[in-house]
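Structures incoming, each one as structure tokens.
Same chain, two partners: chain A is paired with chain B first, then with chain C.
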Partner chain A sequence: MTAVVLDGIVLGLQFGLLGVGMTLVYGLGGVLNLAYGQAAVLAAMVVAVALTAGAPALVAAGAGLLTAAAGGVVLDRTLMLPVYHQRGEHRVLLGLLLTLGVAFVVDGLLLWRYPTGALRLTIGGEAVPILGVRMRAGSLWASGISLAVGAILLLFFRATTLGRAARSVIQDEVGARLVGINPAAVRTFIFALSGALAGLVAVTRSMTSPVGVTAGFDFTILALIVAVVGGLGSVAGAFLAGVLLGIVSTVSAFYIGQYITTIVLLAAAALTIVMRPRGLLGR
Partner chain B sequence: MLEASGLSAGYLGENVVEGVDVQVAAGQAVAVIGSNGAGKTTLFRALCGMLPVTAGRVRFDGEDITGRPAHRVARAGLAYVPAERHLFPGMSVRENLLLGAYPRRPDPSAFGLVFDLFPRLEERRQQRAGSLSGGEQQMLAVGRALMSRPRLLMLDEPTTGLAPKLARSAYEALGVLKGTGMTLLVAEQQVPLALSVADRGYVLENGRIRLEGASEDLERNPEVRRAYLGVA
Partner chain C sequence: MTVEFDATVESEAAPLGVSARPPRSLVRAFWPIAATGAVLALVPLWLGDSRLMMGLAVDALVFGAYAIAFNVIFGSTNQLFLCVGALAGVGGYASAILADQAGLPMAVALALATALATVVGGLLSWVAVRRSLGVIFTGIVTLAFSLSFANLVLGQRGLTGGETGLVVAAGEGSFLRERVAAFYLFLGMLVAFLVVFRALERSHIGWAFRALRDSELAAELAGVDVARYRVYAGLIGSAMLGITGAVYAHSDGFIGPSTFGFGHVDVRVLVMLAFGGLGTLLGPVVGTVVFAVLDELLVDAGQLRTVVYGLLIIALFLGFKRGAVPAVADLLRLLVRRARSRIGR
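Here is the complex of A and B:
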């Protein structure tokens, strides 16, 4: 049981980061980015290609994250522009349709170019016993990176001018403009950050299990569930929800079966919407 | 300092204010008075770049700022406090004030200035803005605007939702600000309060300037007395 929960935390920390990228873009742009998972896969493929070409692991990972971030910026500055001219329901719907289109296009292109593409990072090193459970080096690295990035993000949003500016746009866009913040610039930055986070999760995920070229929609669905359960727009909420859902996921996989986990996670999201529509830490 | 000439603006292709001329000299306090729906808010939104201008020009400190986006107008030193305040409800009083100085770090004296004017805000420094009372929220909105050390402070109906006593103390604070040399432009329905602080005033009716003049002259004007001061 301890092993299952620990595995859940390893998975959950990554779920958390994945959810943060989704929840931020929703909070700032009013867009649920259905092409989010494709950013993760795009990064994974770039890393895989760079590694095959002989690049050092850190350089390859950096290239992957940068590519995913650039993808976010391009999306924000081109296809999303008509979305920002819409308000309310229209904005959400147009955003969903456009990003879904992007998702299919990117999925198709990647599958065509790398039909059997997959990223698997092997992390050397001995397994380390934690609470009597032997944890693989890959799991520890993935968790350490996720925790560190999560802590940096929380600090960034609490204590830096740019981080506060991003939160202010989420809370009151008019108020943000009144104090001299350009919401469009902040939004572009958040799209880049979101892409980089998706890429990062693909990289840490590949330390414990391969990330295949068709994993895009799985990432998107997970991110959506985490963001909804955590409360759309809440960074801390996404982390909390990520860890909880990670544990739920491994526990149900262990006691019920792998095939049922996505259903359990969706049920958790549905239950959250019914019991607490704003999510765990939503405003 | 601020000069609007022939300014028209509105919504969905229809002008709400038309051909408005407004001038505010440095160090002056100027009131725009008018009833509900006269176009005060539309005028203010157009002046500070929150609303596109359909005709006319706005000059601030000798520079043409017509059509500049609101965040750039704010950075140029024109601070606007809307009636709805638009605070950041989930952030503390302190964080709201910090953001007021965006994109710079606030200079230390800025906090002192705001807390001297509104000691209440210092007591509530760590409290969430959304949990403040109406009067405190108004103080915070003005305080946030002051953090950037603006050269012109524009307030739209600062007494919205405030009890008479709080409304009076809001104007007392504006009087103090004026005493420090701050240039003020205030839109107000509560005409006696507005004229108590203002040096000059404009009467806005149906989106046009109906009258303008020194506050004392406006107070004596029979039309103003009948329509806005409740004197028969």
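Here is the complex of A and C:
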């Protein structure tokens, strides 16, 4: 049982980061980015290609994250511009449909170029016993990186000017403009951050299990579930929801089965929307 | 507070589609349906020799029927049901299981399966309306239902055959398995759905649909029970989806998880409708024909076909928010008017 819960936490920390990327873009731009998972897969493929070309792991990972971040910026600066002209539900709907199109384009191109592409990082080192359970080095690295990045993110949004600016735009765009914040610049930054986060999750995920070229849609759905349960727009909420859902997911997969687990996660999102639309920590 | 108010005011105009009134006269209201039916009825004369091509034509009609149902739900009342495939799947799997494993006569199984899909769709609609979920949250909840259904099908191997799919015995040897006969059956269903759509448009329900789509707030203030009419649309559309899925299961003889999968059905229906024009009578039919042809043209493109579809989605929703066909029709009308005025001068 302890082993299952610890595995759940390892998974959940990554869920959390995944959810943060989704929730930030929604909170800031009012866009549910359905091409989010494709950013993760794109990063994974770049890392895989760089590794086979002989680049050191850190450089390869950096290249992957940068590509995903650049993808986010390109999306924000081109296709999302007409979306920002819309308001309310139109904006969300148009954003949803356009990013769905982008997801298809990226998916199709990657599948066409790398039909059997997959990223798997092997982390050497002895398994370390924690609470009497031997944890693989890959899991520990993945969790360590996720925790560190999560902490940095929380600190960033509380203590730095840019982070505070981002939060102020999430709360009230007009108000933020009044105190001299340029929402468009903040948005571009957040899209880049979101892409990089997706890439990071793809990299940490590949330390415990392979990330295939077709995983994009699954990443997107997971991120969506986590973001909804945590409350759209809430960073801390996404983390909390990620860890909770990670534990629920491994426990349910262990005791009931894989298919039911997916249903449980989806039901969690649906029930959140129906019972408490603002999520765990949403405003 | 102000932000919420802004949101209601600005979501006034219908985002997609047009809320034009249907013609008054019976002939003018229904002749497009008759003409469509007559033209499509000629297809077997042309393709009837090839079993493969007829199979594709039948599939296209099935998608046309799905698109009309989605048009009733989303096009008429703005409920983003991302579970078109799943609701059809409820019909298809329920009918197959009831007929083959419970031993019910096929007609009874069909009726029960349709009823089940209707109830499920109605429930989804009811929940969305009760909790007044917006377009997006309705979309997420129905998407969750869609994916849950797919996992249920995969998980319950004993009933559904899991990944390998299910061979449907009921309907074996009947006219349903003849491609040409099946074509006319599905064409009949398509025409019937179109008639229902137009009849709805002309009834008081259609008035309510147009009112709530143009402005939900104004409709509510004018005494339209928005919640009730949304659920009506959900029930009618789901019934169409259920019966189409069920008949398809018996006619094709094989159903699998991808038959009713989100990526296979919902995305395609959305693009078809976006192309033909959301909320219009013949939009789904135009989309059906165009995509059947496009699929044939792109058959060798493999994965690049996905890329083309993606680009198409982007272009459609960027350029023609009301659908490509209505946009082109408007343009033609404008050109004709200009030409006329020039001649007049």
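We adopt the following convention: the second predicted complex is superposed on the first by the 283 of 283 C-alpha atoms of A that agree within 3 Å, B and C clash if a C-alpha of one lies under 4 Å from a C-alpha of the other, contacts with A are read in each partner's own complex, and residues count from 1 in each chain.
In this text, a residue touches a chain if its C-beta (ideal position, glycine included) is under 8 Å from a C-beta of that chain, and two chains touch if they have at least 3 such contacts.
Note that this is a predicted model, so its numbers are computed, not measured.
Look at A:Pro56: by the touch rule set out above, it reaches neither chain B nor chain C. Touch criterion met: A:Leu100 reaches chain C, while chain B stays clear of it.
More residues of chain A are in touch with C than with the other of chain B and chain C. By the document's definition of touching, of the two partners only chain C reaches A:Trp112; chain B does not.
Of the two partner chains, chain B is the only one that A:Arg167 touches; chain C does not reach it. By the document's definition of touching, of the two partners only chain B reaches A:Leu178; chain C does not. Residue overlap on chain A between its contacts with chain B in one complex and with chain C in the other: 172. Note for the complex: chain A touches chain C at residues 32, 79, 82, 87-90, 92-94, 96-98, 100-109, 111-112, 115, 172, 217, 221, 224-225, 228, 257-260, 262-263, 266-267, 269-270, 273-274, 277. The touching residues of chain C, counted against chain A in their complex, run 3, 6-8, 10-11, 15-16, 80, 127, 131, 133-137, 139-141, 143-145, 147-148, 151-152, 154-155, 263, 267, 270, 274, 302-314, 317-318, 321. Those residues of chain A whose C-beta lies close enough to touch chain B in the complex are 161, 164-165, 167-168, 171-172, 174-183, 283. Those residues of chain B whose C-beta lies close enough to touch chain A in the complex are 50, 69-72, 74-75, 79-82, 84-91, 95, 98-103, 105, 144-145, 148.
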